[in-house]
Amino acid sequence: MTLRARIVVERPAFRLDLDLTVSRGEVVTLLGPNGAGKTTALRALAGLTPLTEGSIELDGVRIEKEPAERRPVGVVFQDYLLFPHLSALDNVAFGPRCQGRSKAEARSRARDLLDRMGLAEFSSVRPRRLSGGQAQRVALARALAVEPRLLLLDEPLAALDAHTRLEIRSELRRRLTGFDGATVLVTHDPLDAMVLANRLVVVEHGVVVQEGAPAEIARRPRTDYVARLVGLNLYRGEGDGDRVRVGELSFAAEEHVTGPAFVAFAPRAVALYRARPDGSPRNLWEGRIDGVERHGDNVRVHVDGPVPVAADVTPAAVAELDLTPGRPIWVSVKATETHAYPA
Amino acid sequence: GSSSTEGAPTQVTVFAAASLTGTFTELGKRFEAANPGTKVTFNFGSSATLAQQITQGAPAAVFAAASPATMKTVADAGLAGTQTVFVKNKLEIAVPPDNPAKVENLKDLTDPKVKVALCAEQVPCGAAAVKALDAAGLKVTPVTLEQDVKATLTKVELGEVDAALVYKTDVIASAGKVTGIPFPEADQAVNDYPIATLKDAPALAQKFVDLVLSQQGRDVLTKAGFEAP
Amino acid sequence: MPWLLVVPAMLGMVFLVLPLAGLLVRAPWSTLPERLSEPQVLEALRLSLVTASLATVICLVLGVPLAWLLARTDFPGRRLLRALVTVPLVLPPVVGGVALLLVLGRRGLVGQWLESAFGFSLPFTTAGVVVAEAFVAMPFLVIAVEGALRAADVRYEEAAATLGASRFTVFRRVTLPLVAPGVLAGAVLCWARALGEFGATITFAGNFPGRTQTMPLAVYLALETEPEAAIVLSLVLLAVSVLILVALRDRWVGAAA
Amino acid sequence: MPWLLVVPAMLGMVFLVLPLAGLLVRAPWSTLPERLSEPQVLEALRLSLVTASLATVICLVLGVPLAWLLARTDFPGRRLLRALVTVPLVLPPVVGGVALLLVLGRRGLVGQWLESAFGFSLPFTTAGVVVAEAFVAMPFLVIAVEGALRAADVRYEEAAATLGASRFTVFRRVTLPLVAPGVLAGAVLCWARALGEFGATITFAGNFPGRTQTMPLAVYLALETEPEAAIVLSLVLLAVSVLILVALRDRWVGAAA
Amino acid sequence: MTLRARIVVERPAFRLDLDLTVSRGEVVTLLGPNGAGKTTALRALAGLTPLTEGSIELDGVRIEKEPAERRPVGVVFQDYLLFPHLSALDNVAFGPRCQGRSKAEARSRARDLLDRMGLAEFSSVRPRRLSGGQAQRVALARALAVEPRLLLLDEPLAALDAHTRLEIRSELRRRLTGFDGATVLVTHDPLDAMVLANRLVVVEHGVVVQEGAPAEIARRPRTDYVARLVGLNLYRGEGDGDRVRVGELSFAAEEHVTGPAFVAFAPRAVALYRARPDGSPRNLWEGRIDGVERHGDNVRVHVDGPVPVAADVTPAAVAELDLTPGRPIWVSVKATETHAYPA
């Protein structure tokens, strides 16, 4: 086990209390809404914010009392914090220099990293003259240059364009794969999280609300936030075998659950009708259109009712159904695409 | 600066009041000419500062003060040898060359329309001014009480005041930028300049004092406006 | 143009520059060559520049760390200490000189020990001039640099720490370059103050030509004998210092760009 | 602990504080009550505080815009101007006083006009003291604030401009708060320098108790006759200024948090 | 026409030359790789970077000579630039105050905006104490508060978590819909671009390379960058009626094109085989596996060969096909999912 930490940080009007274990070579992603405490957790791990309580153990050594500079930790900050007075190259060479390497050695290492980030031609440029994405990549290179045993990344890919993002994501994956330390990453991009992380830790209001493999979390979200993140409709109810009761509704699902349960289904599993459909679809209710927005090639329709629900329909359907806000509409969910699991 | 402790000292350090700058520099050159191989080093400053430095162990051989009081400080510390008054300095009324307030005698200074600068009572020229005015039975309200006689003189030179009481030596040194008006009461307010060798001074120090007290020295000093004691 | 800023700025400029113009107009320029040929004057000028520069170096070496200590660490009594650092600013320089004599003079608290142990005494030496100037000028540096440090963004320092930089390395490679304009401003203040220093110098180091007689002291003596010569001497000092400042700034700014 | 920083900082601290200790040890404390009961002393103290504060206000009003002009705008001759602003620092204060007399004195360039138009003349008045102190102290403020402005991040000012703020509003609501620590440092330097100002004041404004005699002047004159009294007076001045600085800092820091 | 601009900015080693027109109420998104010049273009529109050449006309008035403060423009900066000495509320009230509103009025306006951003409780907090996403939202509120006629947004949603992003995106959409000025937005998120923009302008190396409706661009990318952005494989070739020749390959497509043409298809339209498949699939070639990465629930396989191609396969297929890098593999693309269009 590389990292084993209990992080408690108290602030006026905010308390972070997190248990975090990351094994060798594992990448754990912290996901959570704005203000959940992700940055605070990273800062505490890096030694920049003191713990109110708890401990941080890295490779069996307690480091929570060590100052930041003695922790074998590399950090990419949310707003880069590149040294404005140093060139991109010297920013990257800074860490190796601090580790006692010669100037030439540190620079050749830095040049190497910048190359791999596709920034060779920006070596001698000051951060002020870099674009947002270029700056982000230099920051990434700077953190990797110290060969940390714990790598902390606060939205390392946020400012990158799609193309570069793909490349840097792969580069990062490659580095993380070859890296036998622990990595903790904060990102808002579900895709980054899915691609990079072995395990997701979802934090809300300073505490962990769900934890597990990305696919598992994507399939069985346990909070509204996670459900929205992975694009599912999620409700909490009471299971009685083959149905789950949510308020006045009752959902048929693939799985059988008894007791407190969640029901989840994707917006594309939702069908909309102007009149009550024939036959006897099981998950059916009437609601009222709340809003309509384009969503990729489809249109996402928000429907109010006994429970709020999001539905994806084709643009053709929009015209045909006359989906104007305020209109009553019938909602049906396919039972085969509805999942239920214990709460 | 440890000339006083070495074998055959060829150097003499003289601490002298700033008002002696011109005359003593001249005398120093003469001394060096008369005693080849010797060197006179001066430290000019306010007499009070010099006294302070000497009592704090400054390497001085001779002290020439602009007032007996400052010399007394040094003597009280047991550092001064025999003191001799080597010159006196006398006050005059200094006015700008155009004499805008038409000042002719000491009494004219009591006119409230005349702006007068005096030295502060704490410095010798101020003390002398008080004595002179007391002797004349006059009460003058100055606009300023200057820190030293040069500052007082500057005010007259620049026409900031209409008149001031300064030393005759200063009037002469100003080379026509102020006009001096002698007044009889000045005789009752002369300021003595004492000189003394200091503790552990080399023999050369006494030789310098002797030069100052000699006729040659007196000539140089009186030419600058000082009066013989 | 923001007149509310430009108008007071202009007024300030006139206020600072007009008196200099006054001096320039009144100065007896014809005597300048004669003055400059006096070896004493050049000697005093050289001594002024050398001692002021040495004093600035001492102030930088001791004062910048002191400013850092005041701005970046917390220890009991820090607030009092910060106030005490300001004190030599308020102390009339002559009294500052007396204080130095009391401590470092031949009979002073530390001075008598220096004298007996090393046979070395500071007053009335060139080193004494440097000490007096440094004592008077250091607070300017410390306060200016502390202000700059407080205004700087500490997150860069945090970033440096996570890269393994010790506090000293952080200071040297991140903090200092970030506050360079503030340090530069402080050094200029410090150097200029040292260059113009009179009271503490004459009191602590005396007024010996070639050894402790700096330009301001020479000006003081010139005031005794030829007041107009004093103005010329001051202007020489000014001209030299302005030249040096302009030249240095250009070099610094050039290096930074 | 970064000893390479802490050790020089300590040395600097000792260097600045030890001479004060020397003064404290030697001061004839028994005479303190007597001194303080002299009306002249309290008068001088009051005058010092009032004039130094007024001078600081003037310096802030004129000097901060001037610093802004030097740091944020570009105009021909700016570099020379910046160097000229440093000049009153280097000028021996007595010569500074003479320069002021040449311009603002009864027969000065501007002064004679003031005198004939308004019957008003600055020398020998309390206003004259303020002018002399402001002249000597303003460069400290300007240089410190300019340094702070150069170190500040101009992008905040750009952001303010896009929100419709005029250059003056940007200055007042964004620039100034951002460089507040630098302005504070500059104001402290300026106030302290004004409080300790001696040469220019006595030369320009003279020395008259209750009107133009500030503490440094009283101290200087006391030195002539009773050096120990001078030390006591200096310490009173110091103590008062330290108290004021500590109190103000606390209030400022409190307001900023 | 609200905005009509030609923006030329020259920099050492970089030249931006952009024609941009935005109609009333229209939202134009600038897309482009890092360093393409998007931020530079926004700064030029805002008046923060002088034009080397060109002109900016807003509602018929030339404004390129006006200083920033006199342009009716609101900007959200890539790194927020919230005033550190003002509370969140006062940051937002800053603009209205500058427009001459009373303090009370400005504040109530600001409070209103913060409310809508879900930041009511953070009104009195200084930016240093805000999390990244909270700061971003305050910046957004601040720019909206001046009711600009041209709104410039540099990645306004980048730091927001999925949940907040959805809300703020909707809020932004609503505001932009009610907004009769022009909006120019920079984002790297294709979803944001699709949802918010009426029109995309793709910038590369300082020049426009493609422009059009989001759906159109998503369907018919014209550069590698755009293709990657929308997740398509893209090649340039020569059409001869029902086939497009790309190097030694020849693609059958849905459309008929003659002359220079693009061919595009989605990774999920690509099938992989260990041996040459039977029958005669038309778009078929042999390649070599270059890399494999998780991609959502699927796996994305990069295959090298006559043309590089990305294929999405299920995790089950990965195991079955033994997709290790370096392995030779047969690639086939369904003609019905291959689109061709003139280059």
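First chain written, first letter: the chains are A, B, C, D and E, and each begins at residue 1.
Following the convention adopted for this analysis, a contact is a pair of C-beta atoms (placed from the backbone, for glycine too) under 8 Å apart; a residue touches a chain by one contact, two chains touch by 3 or more.
Because the structure is a prediction, the values reported are computed rather than measured.
Asks: Show me the overlap between the contact partners of subunit B and those of subunit D.
Replies: C
Asks: What is the chain whose Cα centroid lies farthest from the Cα centroid of subunit A?
Replies: Between subunit A and every other chain, the largest centroid distance is to B.
Asks: List the interface residue numbers of subunit C and of subunit D, divide the shared ones by all numbers used, and answer same when the ratio is over half, different when under half.
Replies: The interface is built from the same residue numbers on each side, given that over half of them are used by both copies.
Asks: Based on C-beta pairs in contact, work out which chain pair has the most and send it over.
Replies: C-D
Asks: As a test of understanding: of all chains, whose mean C-alpha position lies farthest from that of subunit E?
Replies: B
Asks: Just the number, please: Cα centre separation of subunit D and subunit E in whole Å.
Replies: 56
Asks: Let me have the rounded angstrom distance from the C-alpha centre of subunit B over to the C-alpha centre of subunit C, please.
Replies: 32
Asks: What residues in subunit C touch two or more of the other chains?
Replies: Answer for subunit C, listing residues that touch two or more other chains: 94, 98, 102, 108, 166-167, 178, 180, 220, 223, 227.
Asks: Scan subunit B for residues touching two or more other chains and write them down.
Replies: 49, 52, 154
Asks: Let me make sure I understand the interfaces: which chain pairs count as touching?
Replies: Applying the touch criterion to every chain pair yields A-C, A-E, B-C, B-D, C-D, D-E.
Asks: Along subunit E, where are the residues that touch subunit D in the complex?
Replies: Of all residues in subunit E, those touching subunit D are 46-48, 67-71, 73-75, 77, 81, 83-86, 94-95, 98-99, 142-143, 146.
Asks: Residues of subunit D touching subunit C in their complex?
Replies: On the subunit D side, the touching residues are 1-2, 4-9, 11-13, 15-23, 25-26, 61-63, 65-66, 68-69, 79-96, 98-100, 102-104, 108-110, 134-135, 138-140, 142-144, 146-148, 150-153, 166-168, 171, 178-186, 188-189, 192-193, 195-196, 198-199, 215-216, 219-220, 223, 227, 230-231, 234, 237-238, 241-242, 245-246, 249-250.
Asks: Any idea which subunit C residues touch subunit B in the complex?
Replies: Counting only subunit C, the residues touching subunit B are 94, 97-98, 101-102, 105-108, 121, 123-125, 202-203, 206-209, 220-221, 223-227.
Asks: Going by the contact rule at the top, pick out the subunit E residues touching subunit A in the complex.
Replies: Touch list, subunit E to subunit A: 31-36, 38-39, 78-80, 130-134, 136-137, 154-155, 158-166, 170, 173, 188, 190-191, 194-195, 214-215, 218, 224-225, 228-229, 291, 293-297.
Asks: Would you pull the subunit D residues touching subunit E in the complex into a rising list?
Replies: Touching subunit E from subunit D are residues 155-156, 158-167, 169-170, 173-174, 177-178, 180.
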